[in-house]
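To start, I am sharing the structure in question, which I have written as structure tokens.
Chain lettering (A, B, C and D) follows the sequence in which the chains are written, and residue indices restart at 1 in each chain.
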Amino acid sequence: VRIDLNADLGEGFGVWRLGDDESLLPLITSANVACGFHAGDPVTMRRVCVGAARHGVAIGAQVSYRDLAGFGRRRMDMAADELAADVLYQIGALDACARSAGVRVRYVKPHGALYNTAADDPRQAAAVAAGVVAYGASLPLLGLPGSALATAAADAGVPFVAEAFVDRNYLPNGRLVDRSAGNAVLRDATAIAHRAVRIATEQQLSAVDGTRLGIAAESLCVHGDTPGAVAIAEQVRAALHEGGVTVAPFVS
Amino acid sequence: VRIDLNADLGEGFGVWRLGDDESLLPLITSANVACGFHAGDPVTMRRVCVGAARHGVAIGAQVSYRDLAGFGRRRMDMAADELAADVLYQIGALDACARSAGVRVRYVKPHGALYNTAADDPRQAAAVAAGVVAYGASLPLLGLPGSALATAAADAGVPFVAEAFVDRNYLPNGRLVDRSAGNAVLRDATAIAHRAVRIATEQQLSAVDGTRLGIAAESLCVHGDTPGAVAIAEQVRAALHEGGVTVAPFVS
Amino acid sequence: VRIDLNADLGEGFGVWRLGDDESLLPLITSANVACGFHAGDPVTMRRVCVGAARHGVAIGAQVSYRDLAGFGRRRMDMAADELAADVLYQIGALDACARSAGVRVRYVKPHGALYNTAADDPRQAAAVAAGVVAYGASLPLLGLPGSALATAAADAGVPFVAEAFVDRNYLPNGRLVDRSAGNAVLRDATAIAHRAVRIATEQQLSAVDGTRLGIAAESLCVHGDTPGAVAIAEQVRAALHEGGVTVAPFVS
Amino acid sequence: VRIDLNADLGEGFGVWRLGDDESLLPLITSANVACGFHAGDPVTMRRVCVGAARHGVAIGAQVSYRDLAGFGRRRMDMAADELAADVLYQIGALDACARSAGVRVRYVKPHGALYNTAADDPRQAAAVAAGVVAYGASLPLLGLPGSALATAAADAGVPFVAEAFVDRNYLPNGRLVDRSAGNAVLRDATAIAHRAVRIATEQQLSAVDGTRLGIAAESLCVHGDTPGAVAIAEQVRAALHEGGVTVAPFVS
């Protein structure tokens, strides 16, 4: 049994920092690195790539709407060609940073509002997939199982890797409880770690109403931008180890 | 006898256009494509790359300070690691667009204030060269012969290609007459075309005071953003043809 | 009988220009001046304010989503406090430029996607009105009659001024034909001028299907960013004059 | 004896925070509020203005080069009209936020590289002063005594208020020890507090070589972005109180 652990990294900009990249890098196996559109200046991008390379962490392009002021959390109506070109641009920019660290971008994951929109909107999902295809490096997309992005990836011939969120509550239909709800996020590290092991070993989790939910995820998303995030990630990693789960990048 | 003709392309942003890319593409052999920092949104970058690929025009990354409001024409004091990372980021972003057009970035040319600063300031010149080296694709730098950038390129093991400006007046010491001077720019198309042929065939031009100046340039820079620019480029191209000069990219 | 003529001005950014501000200024009575979020650098803003002051043209803040790359034409989901603060910021920035020209901002008009969203979405409409209220200068909002923005303005105690588009086709329900439709825009200058007079004198226009539509507009919007725009504005102005309509700002 | 305490506030952007505005507000009497060019989104600007109004803290516009990526710390060569317009724009934007909190911008202080450049370069200093004049509200400039900015302010008829830095080492000529030097910054809270009292009561401080330096400052700058900054500001404030110095805004 094996699973990948992914987290968002490099989400500072210039003098501003967010999250604890250095502490997360030894714990995760895939880093979703901000590419400059919602966060991530070039110096930060290079530094994160160097760190990821040193720890054997796979680098993914965390592509976003162009929205530094809103941290990419605001849905934007974009023409398909604009969105595809923005995705392409960001992949290339990050891949340059990865190259300078002796590695390459290995996958693509939409960020924030683009993640949510591409999960529901076939048009934006197709545009994201088109941007990935345009780069021509057969990079997989990482996202929500059963999403519009999964479908768009299949349609475009792009490999799709499903992820689960260890610290988010799920609805019985497999979608996430909205962040505006009070119970959107799990905060108990032990419960989170237990869920991680259960997803990895049984492909199951309990929805917010107790419903048993099947979930086939190759990667688990942990967060790095909240207080206690690193401690939670450590506990998840330890629990997976104890549960006999090998933690390794989903890209080989 | 052969020479390259380079021009700045893709210098619009969003709804805004600058220059006549479509008319210049059939006339030039190397396109310095804006990479988003002084101009050049991703859709424009892709469109220019597609056009360049169709016309067999080599694509260069026209890297700049991050300054959309000033079009990259304002000198900035930057730390070396910031400048190198910015150069790296821009090369990668444009290379992604080139890849989507079936080609690749073939060289790098600094834009505007960075061009001028890198010609005089060894520290910024070294940072530009370091950004090119970091990309790891053995891309040559295009710039002013005898400049700090030429030295920095040599020090960094980056090939350097010298260019001459067909429509700019030169001082006897080989530097350009400052743009603030009334006679900085040549406007007579016939004189410009004649100078182009003379540079290509005799490696010479007349400085502003009449001094005969030796200049070993592999590329001639023509402008595309001024009224009559296309007509001048056409006349330069025709004169080179009549003068028995083969116009071809400096990259093979 | 009197009517205002408004147009978008100052929609360049840095080196980039859009529209013909100098030619429009003598023809219009209210200038919707871009405030830096979709277009409009500070130098341009000052220049337009100086020109408007010289021509006795009232200055309005053309507030927008923060989206230079998309020219404010892409709908964004924004929190109400973010949108209100962005509106407030833009009004203040433009008012500073107006002050330096000896005048003041006299009204506010949303731009592009924000115009459309604020016409339909009560939440964003209320946020725009809240931004105007926060500035505390009793500035009226200029917009579509019957829109969510009109309602939000009334709710917030902000004066609302209705405008009509002389060169856009209307649906029988009083909304504009979508720009994606082939017949969204009128191009015949004589027909446009005739419509302008009819709106001003009869408060009527013919919808795209011929339906007679009542429209109580205090201002007519003319465009400045299309080929022939200035000629159309001239013809509109001349026709209004011949029709006995006084062209004057809606703000006194 | 009375003195003002000023500090930089509102230097976050979007999700990113910097410094501890809430803790500093009760300690200082003047807040240099970032205006969006080096930091400071409109929501943050409003929040800081509300806090400043509640604490009776005077609001100053901390104007900067347009450089979010570099936090305004990189010198830029700008045309005088561009710089003046940028200053004007930022003052107006912040004043709108202040108005919404029931107060107004009371002074202007350049930030970072612009602070340093305006201290030495008469051309940029004059442009900053011209931007302040253009706003037409008789706002004083806060800066380094004996600087080019002081001269430019005098030439332009702008009141100039001199400040001293309690935690920076001075050269015998009254200039600051460069930040690149190891001893640029004082870190001992007791020594800093002692210096603050001595400047306020004796108009003197000891330069880095022990030279006694006369300094006539109406305001003391304390920092808020370093670890321990708040504790230092508390100690400075307490020491001034004990030393019989009234801490009050320099604007009445």
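The rule is simple: a residue touches a chain if its C-beta (ideal position, glycine included) is under 8 Å from a C-beta of that chain, and two chains touch if they have at least 3 such contacts.
Remember, it's a predicted structure, so these values are computed and weren't measured experimentally.
Student: Using the touch definition from the top, what's the fewest steps needed to get from chain A to chain C?
Tutor: Minimum step count, chain A to chain C: 1.
Student: For the chain pairs C-D and A-D, which is connected through the larger number of C-beta pairs in contact?
Tutor: More contacting C-beta pairs are found at C-D.
Student: Counting in whole Å, what is the centre-to-centre distance of chain C and chain D, each centre being its mean C-alpha position?
Tutor: 39
Student: By residue number and range, which residues of chain D touch two or more other chains?
Tutor: 41, 69-70, 82
Student: Graph shape for the chains shown, where an edge means the two chains touch. Line, ring, star, complete, or other?
Tutor: complete
Student: Which stretch or stretches of chain B touch chain D in the complex?
Tutor: Result: residues 66-67, 69-70, 74-78, 82, 113 of chain B touch chain D.
Student: Mind pulling up the chain A residues that touch chain D in the complex?
Tutor: Spelled out, the residues of chain A in touch with chain D are 12-18, 41, 68-71.
Student: So in the complex, which bits of chain B are touching chain A?
Tutor: Residues in contact with chain A: 36, 41-43, 45-46, 81-82, 85-86, 88-97, 99-100, 134-136.
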